[in-house]
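There are two complexes below, and they share subunit A, which is joined by subunit B in the first and by subunit C in the second.
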Partner chain A sequence: MGKLFDVALVFEYMPVILSRFPVTLLIVSTSIIGGTLLGFLIALVRLYRVPVLNPAVVSYISFIRGTPVIIQMFLVYYGFPLLLLQVGININRWDKLYFVLISYMLNNAAFMAEIIRSAIASVPAGQTEAAHSVGLSGFQTLRRIVLPQAFFTAFPAFGTRVVNTLESTSLAFTLGILDMLGQAQAIGVRTYHLLEGYVVVALVFIAASMLLEKGFAWMERRLIPN
Partner chain B sequence: MFERFCRKGAESVAFDVSCVWFSFKVAIRYLHVTLFLSVIPLALGVALGTPIAVCRKFRVRIASQVAGALITFLKGIPLVLYVLILNFMILKPLDKLAEYSVWADKLRLMDKIEYYIGIIALSAYATVVISETMRSALNSVPDGQYEACFSIGLTRGQALRSIVIPQALAFAVPVLCNNFIGLIKGSSIVYVIGVLDILNGAMTSAQINYRFLEAYIAAALIYWVLCISVERASWILEKRFKKR
Partner chain C sequence: MIQVKGVRKSFGKNEVLKGVDLNVKKGEVVVILGPSGSGKTTLLRCVNFLEIADDGDLTIGDLSVRFKHATKKEILRVRRRTAMVFQNYNLFNNKNAIENVMEGLVTARKVPAADAYATAKKELDKVGLSDKYDAYPSQLSGGQQQRVAIARAVSLNPEVILFDEPTSALDPELVGEVLAVMRAVAREGITMIVVTHEMSFAHDIADHVVFMDAGVIVEEGTPKEIFTNPREARTKQFLDRILLKYDYSI
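Showing the complex of A and B:
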């Protein structure tokens, strides 16, 4: 092999690796959207202390927060088909990407649930009582009084979570997904130039996470009074 | 026979709890590797990250700008890239040097070299993360505290040691515990360069009996217990710091 690091190759690999960026975006966006929806339901279970479900949800959140994402991903990859086979659904032929999407969504659901729960809990009880006293129903109170206030508390944590998710999606290549890192390794295997590919991936991640951070900081300033 | 397989004829069962136990026993032997891979980076991260944070807080000339720019960049890089890039940057030059010197050849073929590379990569990552923790901890102490110290004639070092750091610690300890949990979980990533930690240890058992799901469950249980214990310890520490 030739030189250890060739700057020209960085520019050569850039477009090829960048063409895989949508895969990363897909994982981030589905897991954030799906995770928030699922997380909201989980947060409601915890807030209203739904019997039976509540303890299950508590240990689910603890499990997700206490184990590495790689393991969760492989658990979904090996466990999900087995679980669905019990009810007669065969998903052995599914594309690997679906398993990655599901595992990141399940992962984010736990984190989002904690963010949403603590945000809703931070709204003073007096607000709910006041809403009830003017005759709003339980759902109306939640939708019109509690959630808008909770949104502002949750927003900064939500932004941090999105940036963290972006970074953790770099692990999808361990399952054989051809994302940016998978592409860099494919190039490395072919040309023996691994480092240049890694540098490209690192640069893209730096740029993307900086953009996201700046974007969220800007939105925070715009959205939240004071 | 029983040593190698969890159960005779286990192939016929879709999921076998005894295989989880088998993998668990194999994986727990590598507990110390995961602990070293997270405790050493934590300690190095605190030792290196704190001076960086102090530098940035007091706007030390040049050093603070360099550190600030570096950390804003390095913050955006995922941990797995630290591991892969450092693995490459340490091993490849050694391969080349091996032609000229004997010690480089010895070093690259050294036992457990990937383990040390893992520690270096995790430490670099921890330094970046913890310097940010320390910076926000220092920022959590209001400026009035410094002014009060200076007005009664304390020097900057004295003010830091006796007034600011005790207050900043109360803020930093829970966040550091969170960072520690992140490092325990993150240390599993070194499996991409072949370090035998809990995750890879569990995998070796699965390579014997093809029980991958059971092996991953066993590894997950160990990580879960580890993280829960750190979380519990964090609550105790937090209470102690709040009492003061």
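Showing the complex of A and C:
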């Protein structure tokens, strides 16, 4: 087994593990983009108190916020195929990655819905009234006055959510996804050097989240007027 | 001509407007006075459909609607004939001065951007803000913000502008500049309905003064009639109190 911790192996594993980083990026980007779109619709349902849908999305949000991501992932992985089989759709042969992407997207949709809803609600009522008074329709008011202001309010929380998602993607390996952690695990099983792989994964996560945080802080300064 | 007839509005069990009639001739300045909670703001908000009145009719020029049966289209039509100046200015925070004025013209009225820009410039110049086109609301004083808001209202060329205590949120030293702009607007012959506690301003500018209390119009008349010779005890009481409080002489 040799040395307990071999620094040289950290460098050796780095490129192999780093080559799995795109998997992580894929989970983060699809779940953030899909989650934001879905979350926006959910936020509108809540803000306009759409009958029937509103209580449904409220329970959905508290379910997502009240359960661990890993449970949600298992439920999607084992539950979705059963559910769809009832209506005659067989997705048993789907790549596992699709289930992971769906889970993370559904997870982010709930969090994004809350971020977007509270940002929209924080725009003072006077802004909407002024827009109405100059003749803007409800939709024009939302698009031209309320959403741009809500965007600035939501931006910091949005950035935090992206970083949180990045960290939480490491759970995907529990379904057997070959992401960075999955790769480190695979190397460890083969070589009995688990720790070095974990150190590499930790380093990549630290670097990536620092980059993201810096990037969002920079965008915040650039985007938000005065 | 603007005619409000029998407007009623309740919030829950609280009846705030108990059948108010108001007639405003073209080019007239009507000042509404009244103690806090008498329903002045609610009346203006009903005219602009920011509140939906429970009953009553509204006529603006050749457009007549029943408050409670107004369709979305009718509401939009009423809003295109009216403009509102709010106590807290309510400039669009995501837009600079010139964009604030242009927004209603371009988005609601579909005026070509170049024409709207020219109009906005002209109106901002008129309120003395030719050096503030690009300033965002957060970069403007309260008085400047309210002047942009007045430019925004005037630019829409409405049949009436509703002012709800336009100087109440201002520091005392900024009140004068806004009142001066309002005098200029009145001189242009624009129809105005103004809720204000500025008595000497009301006295000078109003063609017609309305005194409201507890959701009804108690008394109305020319400024001279109301200020120097009120008939109703409630009007007298209110005027004594407010003139004492603000130490104005007319």
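Note that in this section the second predicted complex is superposed on the first by the 225 of 226 C-alpha atoms of A that agree within 3 Å, B and C clash if a C-alpha of one lies under 4 Å from a C-alpha of the other, contacts with A are read in each partner's own complex, and residues count from 1 in each chain.
Throughout what follows, a residue touches a chain if its C-beta (ideal position, glycine included) is under 8 Å from a C-beta of that chain, and two chains touch if they have at least 3 such contacts.
The structure displayed is predicted, hence computed values, not measured ones.
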Of subunit B and subunit C, the chain that contacts the larger number of subunit A residues: B
First (subunit B), second (subunit C), both or neither touched by A:Tyr78: first
Partner chain in contact with A:Lys214 - subunit B first, subunit C second, else both or neither: neither
Contacts of A:Leu171 with subunit B and subunit C, given as first, second, both or neither: first
Which of subunit B and subunit C A:Arg144 touches, first, second, both or neither: second
Footprint of subunit A on subunit B - complex, ascending: 14-15, 72-73, 75-81, 84-85, 88-89, 92-93, 96, 181, 185-186, 188-189, 191-192, 199, 212-213, 216-217, 219-220, 223-228, 231
Subunit C residues touching subunit A - in the complex, by the definition given at the top: 48-50, 76, 79-80, 82-84, 86, 88, 90-94, 103-104, 107-109, 136, 138-139, 152, 156
Interface residues, subunit A side, partner subunit C - complex: 124, 126-127, 129-137, 140, 144-145, 148-149, 152, 225-226
Residue numbers on subunit A that touch subunit B, as the complex places them: 4, 62-63, 65-72, 74-75, 78-79, 82, 85, 167-168, 170-171, 174, 181, 194-195, 198-199, 201-202, 205-210
